[in-house]
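Structures incoming, each one as C-alpha cells.
Heads up, the next two complexes both have chain A, just with different partners, chain B and then chain C.
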Partner chain A sequence: MSLTRREFIKKSAALTAASYVGLNLPLGETERARGEETEKWVRGTCRLCGVGCRLDLGVKNGKAVALRGVADSRTNLGYVCMKGMLFYKLIGHPDRLTKPLYRTKKDQPFKEISWDQALDIAAREFAKAVKEHGNDSVAYYGSGQAQTEETYLFQKIFRAGLQTNNVEGNPRLCMASAVGGYVTSFGADEPIGSYSNIEKTNCFFIIGSNMAEAHPVIFRRVMRRKLDHPKDVTVINVDPRVSPTSRIADIHLQFKPGTDLALMNAMANVIIEEKLFDEKFVSDYCVFKKQEEKEAKTVDFEAYKEFISEYTPEKAAAICGGNITPDIIRQVSRTFAQSKGTVSMWCMGLNQRIRGVWANNLVNNLHLLTGQICRPGADSLSLTGQPNACGGVREGGGLCHILPGHRPVENDKARNQVEELWGVPAGRIPPKPGLHTMALFSAVNEGKIKAIWINCTSPAQSLPNVDFYRKGMRRDDVFLVCTDVFPTKTTELANLVLPTAFHFEKTGVYGCTERRSQLTPKAVDPPGEAKPEVWIAREWTLRLARELKDPVIEKCIEPFKGLEEGWALPKAVWDEYTQKLTKGRDNDLRGATYEVMKGMADGVQWPAPTEDFARKGGTEIKFVRGIDPMADSEAKDDKPFQFYGPAHADRKLYVWLRPHAGAAEEPDAEYPFVLSTGRIIDHWHTSSMTGRIPELMRANPYAFIEVNPKDAARLGIKPGDMVEVESHRGKNVLPAKVYEGPIEGMVFVYWHDMDEDRMINKVCKDAFDPISKEPEFKISAARIRRVSGSVPLKPYIVSL
Partner chain B sequence: MPIGGLVVSCGKGWEDRVMPKILELPGVEVHGSNGKGDLVVVVEAETSNLLETVVEAISRVDGVLTVGMTYLNFEDESNPKRPAILP
Partner chain C sequence: MKRGFHFEAAMIGASLAISVHMSFAGEKAVHPAVTEQEKLMPCFECHKTATPKIYTEWFESTHGIANVKCYQCHGTYEDLKKVPDVSACAVCHQEAFGHSEGKMCWECHPAHGFVAKE
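This part shows the complex of A and B:
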C-alpha cells in the first residue's frame, strides 16, 4: 500500500470513528472518498453473535479488504467488537472445506467426490432409511447460525417431503427456555421491546448474562447509558460469578448457583408487600396462573399473594447465600419497581437450567407486576446467543414442535393451513411433534435414526455429556451428513461432508434479538466448490424425489427450480416464507422484502405487514396501539395495549406461581463443587471459526478453570497449575486461573476449546428442563484436584 | 498494513490522563475528543495480529472503559496464507 493511500485510509478511519461520537474532524469528505476509491461496500450483518451488528464489507478485486460499522444502524450504532472486526479472515481462509468428501465407514479416510456423486449418495441414503425404517428414521439438525432461507427450506423438505417433524436445531440448547418463558407469560415468543430502550431506561437488571463478553456491543450501549447518567441509572448485576459485566454494576448480587428463583420470588414478595406493584396494569391485563397436574389453573391475586408471601427476603437470603441480605433484596426490588423504566436482560444463566422456563417466567413476573413493559425504557429482554436463533429457528419453523410463523405442529388448523400454503395434500405433515434435541441424539444412540443431516453446527462438541452422544454419531448404521465451512468435531464423525458458502459468500437474512430481520447479500464468491445451503437442499431434494418416486417431495422445491443461487434462489425462498407463511401471523414480515431491506442501514422488526411500514424499521414495541399495526388491526377493545399473541386466546398476560427449585444435580460429599460454563469474548461457540483467527486464538489459546482463591488455597492450587475437574460423566484437565470470579464452591470453564482434555461438555450433565427440553449446562456437580504444576499446552483445532 | 478506526471511551474528565498513555503505544494517533469521554483513535500496525495487541493494550490503559471498533482496512492481508494454529 502506498504512503499516500495509507494516509487517506487513516483519515477515513478517523472520520468514520468521529462520526459515531458526533465529532467533526477537519478532514474533507473528498479525502475519505479517495481513501476508499476502487472499493465496493456491501452492507450486511456480523456472523458471530446475536446482537446483529451491521457492517459494511469493503471489496476490491473480488476480495474482502475492509470493514466498517454502519453508523445509522439501530442494532449497533456503528460499533463492532474485535471478534466481529476479524471475522472477514474466515472468508477465503486456507482451512475452508472446498470439495464434497465421502466415506462409507467412519473409520476410513475421506475421499473427494463430485457434487453429483455427493447429492446422489445423500438422496440414496435418506431414501433407503425411509423405505426400510420409516419416515421418522431420518432427521435434520440445524442451527441458529444458518440463514432463515436455509432453515425454512430444510424444514419444509423434511416435514412435507419426508413426512417427519424430526426437525431440530441448536437453539434448543440455548434459547428454548426463553421461548417457553415468553410464550407462557406473554402468549407470544420474542421480546416486546427493542434495544432502543437501553438509551431510555433508568434501571438495568442483568441476570445470568455476562454481556460484556457475550454481547459486547450491547454492553457498550448499556455502559454508555450508565456513564452519561451516573446518578439516574442503576445497574444491578445478578450472577454467582464476578464477570467483566459486574464491573459497571452499582449492585452485584453474588449468590450460590441455582438459587435465583428464590431471589426473584422474594423480589416479587417485596413488590407486593410494599405495594410497589402497578395495580391498574395488573387488573387490566394480567391473570395469575398455577400449574396443576395436567393444566394451568387461573387463581386470584390473593392466592398469588399467599403463595409469594412464603418467599420472605430473610428466607431467600438464607437460600441464596453469598452477599445476599434481606436488605439488599428489598433495595433492588424497590429500584426495579420504582425506576421510570426497568430493562431486564438475561441469557444462558437463566435458560440453561433444569427450571429455565420458570426462571424466565419469574423475570417476566417482575415486569408484569410493576407494569415495566410496553413503554419506553421498560422491557423484559432475553438476549439471544446466536445471530439467527430468533429469525431462522424460532420464527422459521426450525424446532420439532413449531411450524413457520409460530404455529404449533399439533394444532390441526395451523398444520392444514401450512399444507395448503405449500400446495401439498392435507395430512402430509404428521401431527406429532418430532424428537427434541436430547431425545433425537438419544435416538441416534439407540440406532433409531438412520440418516441425519447436520447443518452449520457441531453437536459432537456442543451437546452436554457429549461423549455419551458421540457414541451414537460414530455408529456405522447412522448415515451422517454435515454441511459446514470448516472441519469440526462433528465432521470427524460424518460419512458425507458438504462444503458450504460462508456469510457474505451467499445471500440471506438473519433475525437478531430485537425481532429485526436484516439482509446480508453476497459480496464475494465462495472458495473452491463450496455452495450455498439453499442450492444444496434444492438439488438433493430433486434426487430424493426420484429415489422415493414421490412427486410431493419435488413439489416442495417446485417454486425454486432453476433459480440462480446467489440472489434469485434465496429471494424466492424468503418471498414464499414471508408473503405466504407469515401473513397475518404475529411475526408478519410481508413488508420486509429483499428490496426494502437492501436499502436499509439495518432491517425490519416484525410485525411489518406492509413495505411502507417496514421501510421505517417496523414495530419498535409490540402490542402498543399506534406503534404496532397489529395492536390496531387485532384490537378487541379500547385499551392502549392489545396482547394478541397466538398462545393466549384470552389475550391476558400470565403471572405464574412458580416455586423455587434448585439444580437437577446439587453438590454432595463426593462432588462438592458446582461447575458452570460460559463464553469468553474472543471465541465463538465450538471455536471452529474463531480458533482459526490467529489474533483471537493468541488472546485465548485454550480453556482454563477459574477457581476461587479460598478454594484454591484449601486444595493447594496455584495459578497455572493443572487441575482435573471431574463429574459423574467425564473429566477435563485444565490450567487454573485463581481469582475472585466464581463464588466459593463454584468453578467456571469456558466451553469453546475442542481439545479432548479441555472439552468441558464431556463433564456437563444432560438433564433438561421438562417444559423447554433445554439442558442444564450451567450447573453440574463436580470435584477438582491439583494434578501437577503448570505444563506447556498447545491450542487445538480439528483439521481434515 | 492494517489500519483501524476506534472510539475509545473513558469517563468524562479522564481524557487528559488517558490520552498520553494511549499515545505511548506504537502506531497510535488520537484525532480528537467529543468532550464526553470519547476519543477518536487510529491505529496502524504491521499485521492485524499486532493491531489487535495494540487495541488490547489500549483497553487495559487505566481509565479506559471500552474500545469500540468502527473501521478496519486490511487490504494487504486479504489473501490469508498463514497457518491456522499459532505456535
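This part shows the complex of A and C:
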C-alpha cells in the first residue's frame, strides 16, 4: 500500500506531560469549565468495547465537565475513540431511566412505583416461581458490560441462594468460543500475553476481526507499529470482507466465508512440510490431541503429520476460493513462522461460528507449532468485545458452567470449596450446569422459565433469530425484570424495569482483553432514583429470603448488609471475590485491591497474588518463570515455561487435530448469498447508548447492506437502492452500499439498528457451536432483491 | 468574551494566533443550510466533493486510517467549529501539550494531514 511507504510522523521524545488539560464538555456557557478548573479528575475505564481505555473525567459541582485520555495507561496510551470521547453525554441524558416502572401484563403501560414496591414485587415473583415450578424455573441473564461486583453478586445469589445454575450472560454470544479455544489448547482461559506485544512484534495475523472499527484504539497501536516500521512489520489480514482494517495490511486474504479452517490447516501443513516448526518447543511442551467420541485421545506427531498432510495448499486454495492461492498460503505460513515475533488477533469472525472452538484451536495450533508464544512480540490474542466479558463473566462466574475463579460447576471439589468460602451448607450449589443462553431462551419460549432477571443487556435485539425468542419474552407467564440505564427493545417486553447507575455513577471493576482489572470509582451521582446494581441485588435478596423463609439466601448477602452503596458495598463484594474466591486460582487477584487500583493509571493483570506485585501492573506474560509469580510457585520442573492452567492436569499444551468444517447453513439455489454481520465504529451493540448521542447517530443513522459490485450489477442494485435481505427466519429492507468490501456472493449488515425493518438479527441463524454453545451469527444463507430506489429513512431509538 | 473564554479553555501555553481559516479556534461556525434528512449523512459524503483536498488529506492521514472522524474535532451541527477548540486535540494528545510553547498544534502539524513540517 502506498500509505505504508510514506514517511509518517515519529513520536517526539521531547514530549512533556501536561496533566491539567482535557476536553471541556459543552455543558452550556455557564457550566463550561477549563480543565484546570475542575474540582477533581476521576480516573476510570471506557465501557464501549473490550480494549479497556482509561480516561479521566473532570468533575465540578457534581457534574462531569471535562474529559481526557490517560497517557500513562498501558491499555490506550492516552488515546480514545469517538465513543470514549462522547460517552459523557449519557450521564444525565434526558432519556435515562430514573424511576422503577411496573406493569402486571406486557400489553399495559408502565406505572412508576417506589423502590420498596419494586423490590417487593421482584422478590414475590421469583419466590412464587421457585415455590410453584422449582428452582430451575428462574434465571439470571447478565452482561459483559456489568461490573465484576455485579456479576459476582448476582451469580452468588442465584447459585447459593436460589439454588440454580441458570446464570448466563451475553458473552456467550461473543466470547464463549475463545474460552473453549484457550481452555482446550492451553489448559487455561484468557490470553497468555499482553497488548505490549504490539510494539514488539514483526507480524500481525489478524483474522476474523475488523479491529479498526471494533477495537479502534488497539488498532491505532497496530497501525502505529506498522507505519513506524513499514519494512520490518508485516500485517496479514484474513477476512472475506475488505474492511477499514485492511488499509494497513500488506496481504489481505479474501476467501469464501466459512472456509478458514481449511486455510489454517493448510498453513500448519506448510509449517510441517517446510520444517518451519519449533521442534524443541513442541517436544518440551506440546502433545497432539484428537477428539474421538466423547474422549480426547493423545496421538503422536506422526499421526498429526498424516492428518495435516491432507490439507495441501492446493486443496485449501480450492476450498477457500477468493484470492487464495497455494503460493500465498505458503508465503503467509513462512512469514508467520519465521517472524521474530507473531501476534494473532481475532474476534467474532472466528468465535461466532458453528465450529468456533475449532477455529480458535487452529490459530492456537499455529502458535504452538512455531513456538510463537510466551515471549515478547509473540502471542495468540483473542480480542474481547465487551469491557468486562473477561473480568466479570469469564472470571467472576457469569456463565452457567463456571463458578468464580475458573471453577467448573460439575467439579465436586471446586463446588464444595466455593460453598465453604461462602459459608453456605455443602450441597447448596446444584452440581448440574444451568442452561446456556440459547437453551435458556428456548426454555423461556417453552414457558419453563417463569422469572428471569436481565441485567445490562438487550437479548430482545441481540439474540440470533431474534423474533423467535421474543415470542417467549412476550409471554405473560414469564415475569421479566430489566435493570438498565435506558429503554431498550427488551425493556419493551419487561414487567419490571429498574433504573441503574451508569459507570462513573457507581464504583466497580472491569477486566479487559489483556487480563487487566481496572477500577472506576464513582464520580457523580446517578440521576433521579437510579441505583447501582449491587444495591438492587442486595435489597432484593433480603426480601427474597423473607418470601422463601430461607436463611441461606440472606447468608449470601450477610457480609454486605448496611454498607454504603457508592464505595463500601462494591468494595466489600470485590474483596470477598478476590481475597477468597481467586486465592490460589490462576486468576489470583488478591493484590488488586481497590486501594492499589485507585492509585494506578490503569490496573492489574492477573495473576497478582500480592499488593506489591499488583502495584507494578501484575503479570505481563503468563506461564513464564521470572515474569509470572505462579509460574514460579507452581513450577514442577526447571523449564522456563510452566503451564499450570486448571484444565490440563498433564500441564501440556494441546495441538488439536481439527478437520475443516463449513457453516451450519450453506448457501443454496433458493438462498444463494452468505449474510454476515458485524460492527461499525460509531455504534455499540444495540445502540441504546450510542444511538442517543447525536454525533454518533448522525454518523451512522441506520444500517445498510454491503453488496459486492458484481452481485449488484447482476441484480440491478445501485448505491442507495432499498434491498430486501431474506433468510428462512425473517427479512430486513435496507439501503445498499455497493463497494468492493464483501467477497462476491456475500452481503454484510451491521447489527446495531433498533428499527424492526433493519434489525438484522431477525435474519441470522441461531445454530450454535456444540462445544462453546456460541451461535453462528457470522454465516447465514440469504437471498437479496432490489425493492425500490432510494428512500429517506429515519433513525430509530426505543422510547418508553 | 465568548471567544476569549474559549481560547482560555483551549490554549495551554499556546498563542492567540489567527488560523489559516481566518477563524478563531473553538469559535462556533454556522454550516450552510441543510435539511434534517441531509444531516443524517456522514460529513465526508459531501466533503469528498465540496472540499476534496481536505478530504484526501484526512483520508490519507493517520487520523483517516484510524477512523478519527470529522465530528470528533469539529463537532456536529449544533456546536460546529470551523477551527476546532484545541482542547479536542488534548483528549488524546495531552502528552504533546507544552512541547512547543506559544504555538497551536496545527502550526507545525497542518490540519487534516498532521504530518509535521520538516
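Convention: the second predicted complex is superposed on the first by the 763 of 800 C-alpha atoms of A that agree within 3 Å, B and C clash if a C-alpha of one lies under 4 Å from a C-alpha of the other, contacts with A are read in each partner's own complex, and residues count from 1 in each chain.
Following the convention adopted for this analysis, a residue touches a chain if its C-beta (ideal position, glycine included) is under 8 Å from a C-beta of that chain, and two chains touch if they have at least 3 such contacts.
Note that the coordinates shown come from a computational prediction; the quantities given were computed from them, not determined experimentally.
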| item | value |
| --- | --- |
| First, second, both or neither for A:Ala699, with chain B first and chain C second | both |
| Partner chain(s) touched by A:Glu213 [first = chain B, second = chain C, both, neither] | second |
| First (chain B), second (chain C), both or neither touched by A:Leu227 | both |
| Chain B versus chain C as contact partner of A:Met85, first or second or both or neither | both |
| First, second, both or neither for A:Pro792, with chain B first and chain C second | second |
| Chain B versus chain C as contact partner of A:Arg546, first or second or both or neither | neither |
| Which of chain B and chain C A:Gly69 touches, first, second, both or neither | both |
| Touching partner for A:Ile681 - first (chain B), second (chain C), both, neither | second |
| Common ground on chain A, meaning residues reached by chain C in one complex and by chain B in the other | 6, 9, 12, 14-18, 20-23, 67-69, 71, 78-82, 85, 216, 219-220, 223-224, 227, 248, 694-695, 698-699, 701, 794-795 |
| Interfacial residue positions of chain A with respect to chain B in the complex | 1, 6, 9-10, 12-18, 20-23, 25, 58, 60, 63-69, 71, 78-82, 84-86, 88-89, 92-95, 216-217, 219-220, 223-224, 227-228, 248, 691-692, 694-695, 697-699, 701, 794-797, 799 |
| Chain A partner contacts - residues on chain C that touch it in the complex | 2, 5, 8-9, 12-13, 37, 39-42, 60, 62, 65-69, 71-72, 75-76, 78-79, 85, 87-88, 90-99, 109, 114-116 |
| In the complex, chain B residues that touch chain A | 1, 3-7, 9, 11-12, 29, 31-34, 36-38, 40-42, 44, 48-49, 51-52, 55-56, 65-76, 78-82, 84-86 |
| Partner chain C, residues of chain A touching it in the complex | 3, 6-9, 12, 14-24, 26, 29, 32-35, 67-69, 71, 78-82, 85, 212-213, 216, 219-220, 223-224, 227, 244, 247-248, 681-682, 694-695, 698-702, 792-795 |
